[in-house]
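The chains carry the letters A, B, C and D, assigned in the order they are written, with residues numbered from 1 in each.
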Amino acid sequence: MGASSGDNKTGLLIIDMISDFRFEDAEELFPFALQAAECIRGLKREAKAAGLPVIYVNDNFGKWHHDFKTITEFARETEKGRALADLVGPEDDDYFVLKPMHSAFYSTALEVLLEHLEINKLILTGVTSDICVLFSANDAYMRGYELMIPEDCVAAVRKEQNEYALKYMERVLKADTQASMKLQLGRLAKAR
Amino acid sequence: MGASSGDNKTGLLIIDMISDFRFEDAEELFPFALQAAECIRGLKREAKAAGLPVIYVNDNFGKWHHDFKTITEFARETEKGRALADLVGPEDDDYFVLKPMHSAFYSTALEVLLEHLEINKLILTGVTSDICVLFSANDAYMRGYELMIPEDCVAAVRKEQNEYALKYMERVLKADTQASMKLQLGRLAKAR
Amino acid sequence: MGASSGDNKTGLLIIDMISDFRFEDAEELFPFALQAAECIRGLKREAKAAGLPVIYVNDNFGKWHHDFKTITEFARETEKGRALADLVGPEDDDYFVLKPMHSAFYSTALEVLLEHLEINKLILTGVTSDICVLFSANDAYMRGYELMIPEDCVAAVRKEQNEYALKYMERVLKADTQASMKLQLGRLAKAR
Amino acid sequence: MGASSGDNKTGLLIIDMISDFRFEDAEELFPFALQAAECIRGLKREAKAAGLPVIYVNDNFGKWHHDFKTITEFARETEKGRALADLVGPEDDDYFVLKPMHSAFYSTALEVLLEHLEINKLILTGVTSDICVLFSANDAYMRGYELMIPEDCVAAVRKEQNEYALKYMERVLKADTQASMKLQLGRLAKAR
């Protein structure tokens, strides 16, 4: 239903950062993902201090019997997965949505959750910027969400894929891609 | 995206009233549909006077090559279809949405249109109350729309099916089912 | 995507049987739900013996932080909830889908899961027959699934609501509503 | 519902080629679009000869009162729009779907139509390759459709955007992007 234009409540989405990193290209993606995780960690702390909801949107990896807790435990069994989960692992008061495909919106309850939380502005973070983040950003844009995709909080397998995705989302989806430290989430929270 | 609670813009939906009435049970449905058409006609006039959008949501009857104009022309080729179209046929400034299945929301652009028009309160009218109107009402309810389903503006093949559907939508979907003349659309329009 | 007409793989859905039964009308619903649970228990055993997937589709009760395991634990804290969970509680190899609204299909991954499992025939069971089961059945019907809704495996707050819902789903959705013992799931499984 | 793996029925989608070309960047896009139109024209002829369905998926340009015929007439009122419509305008036996946003699948009946036609392999053509074609391709991929996106039948405002989009859809969506003349639609049609 129609978003009110007056208030702009922001939510932080953390996409596909919980993983055992046992996939093709994991080796190449990892250092970039780790760097993004450091930045997401700071942004998440800021978001929670400002009272903004934090939502994990994570692949279910075709593990239809598993809930997010189990998926997180599996992820922590590998060294890479544990390194990321140590930095940006979910806490009890974070929301989570398991997605079966690339987009955070496709066949998930995300839209109902965002409506429930009265969110109409999204900060997208996570991996990979050119696939799951991009699919999710496209879907968010069609649904009328305003987008912030801080360039230091996303990563792709190759640097140029990341750069192209960021430029694309800026040009086509009007996303604000400036670095996370410039977002000033405290100010955003006060503004509503 | 999240509906604002403050303003309540209302839209009038006219469901499946454009038809050649060449289907099973058409003979039984027709007199009830005709009666409903008289009431919808009055309600539509009132809605337009009050500046409220009128949206036809109509079956495409599996005629994927046809637009709504063609479907209306085909409907007018039968006596029954013409009788209804004379009473509640679409005008140039009415909106329309073709639906491939029972619900007005399933695989249609209705939700985007309602968001575009900033509508969050729906008046459902048309046939049949216990199938396409009910499917649509259920879907509208899950999406958070407030519902008015005036009892004199819907019809079913059998009287008791109509009555049961109305009671169901009142009980489960919190629909306001009082007769159209009590809706006072002029007041609704002013209230926003 | 298009279902193949040749093979008919069946899945058993168990809707909203996991609950703490702390809601309006819970007192009235409980004895009917308990009776249904006994029948679902038998049907589930038969389904698993025949190798058919069992999928729990359950309300998340607005508890967006909870996974299905936690929801099941909460349900078991009340006497009524425990009685049902003892009969038809989820096992490790059952699938589950949390739904935020009434329909099993609305804002859930159910459709992707069914496609993944190549299921095109559904047995719907659970509560209540006239709300969540009905909403789910309508949505399943529009998506082309063949429906079995055994009359002894569903329940509503009032007996006549249950009966009307069953008749409705038989008439409108062409559902097979004969009692569970007549389904012969073993035969179904062999047939594919 | 689950696609059958055996038969692969192909449909040709023509995206956003019907337009009055009164938008930003229209001047730059036009020569590329014209070139693509020539190739789509040939491909469409071949598709129809082979008995494959041709589906126009076109922006409604926020003209909610207009059907596709009217939109085509408006498009033909400009020189650019007429030039394209002369080459690849819709014929009476072509299918059409009006889309309110970028993706051919978002809030449209496309998926129901494709299922009705039993199509599970799509040839995407039209403009622009990096926006509406890409959004549509992403959505098609998540829904399990096999994709052909002939490089000579799509266009973007800038050549490098077109090239990047094609490479992206090849890499991420496993799309076959070879030129239209290599597709041999006659063979495809026979194969099923």
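Here is the rule we use: a contact is a pair of C-beta atoms (placed from the backbone, for glycine too) under 8 Å apart; a residue touches a chain by one contact, two chains touch by 3 or more.
In this text the structure is predicted, and so the values were computed from the model without any measurement.
Colleague: What is the set of chains touching both chain C and chain D?
Modeller: A, B
Colleague: Measuring centre to centre with C-alpha atoms, which chain is farthest from chain A?
Modeller: When every chain centre is compared against chain A, the largest gap points to B.
Colleague: Indicate the whole-number Å distance between the mean C-alpha point of chain B and the mean C-alpha point of chain C.
Modeller: One centre to the other, that is 31 Å.
Colleague: Just how far, in Å, is the C-alpha centre of chain B from the one of chain A?
Modeller: Centre-to-centre distance between chain A and chain B: 40 Å.
Colleague: Would you mind listing the residues of chain A that make contact with two or more other chains?
Modeller: Residues 101, 106 of chain A each touch two or more of the other chains.
Colleague: Under the definition above, what is the set of chain B residues touching chain C in their complex?
Modeller: Interface residues on chain B, with respect to chain C: 101-103, 106, 130-131, 135, 138-139, 141-142, 164, 168, 172.
Colleague: Looking at the complex, which residues from chain A come into contact with chain C?
Modeller: 60, 62, 64-65, 67-69, 92-96, 98-101, 106-113, 116
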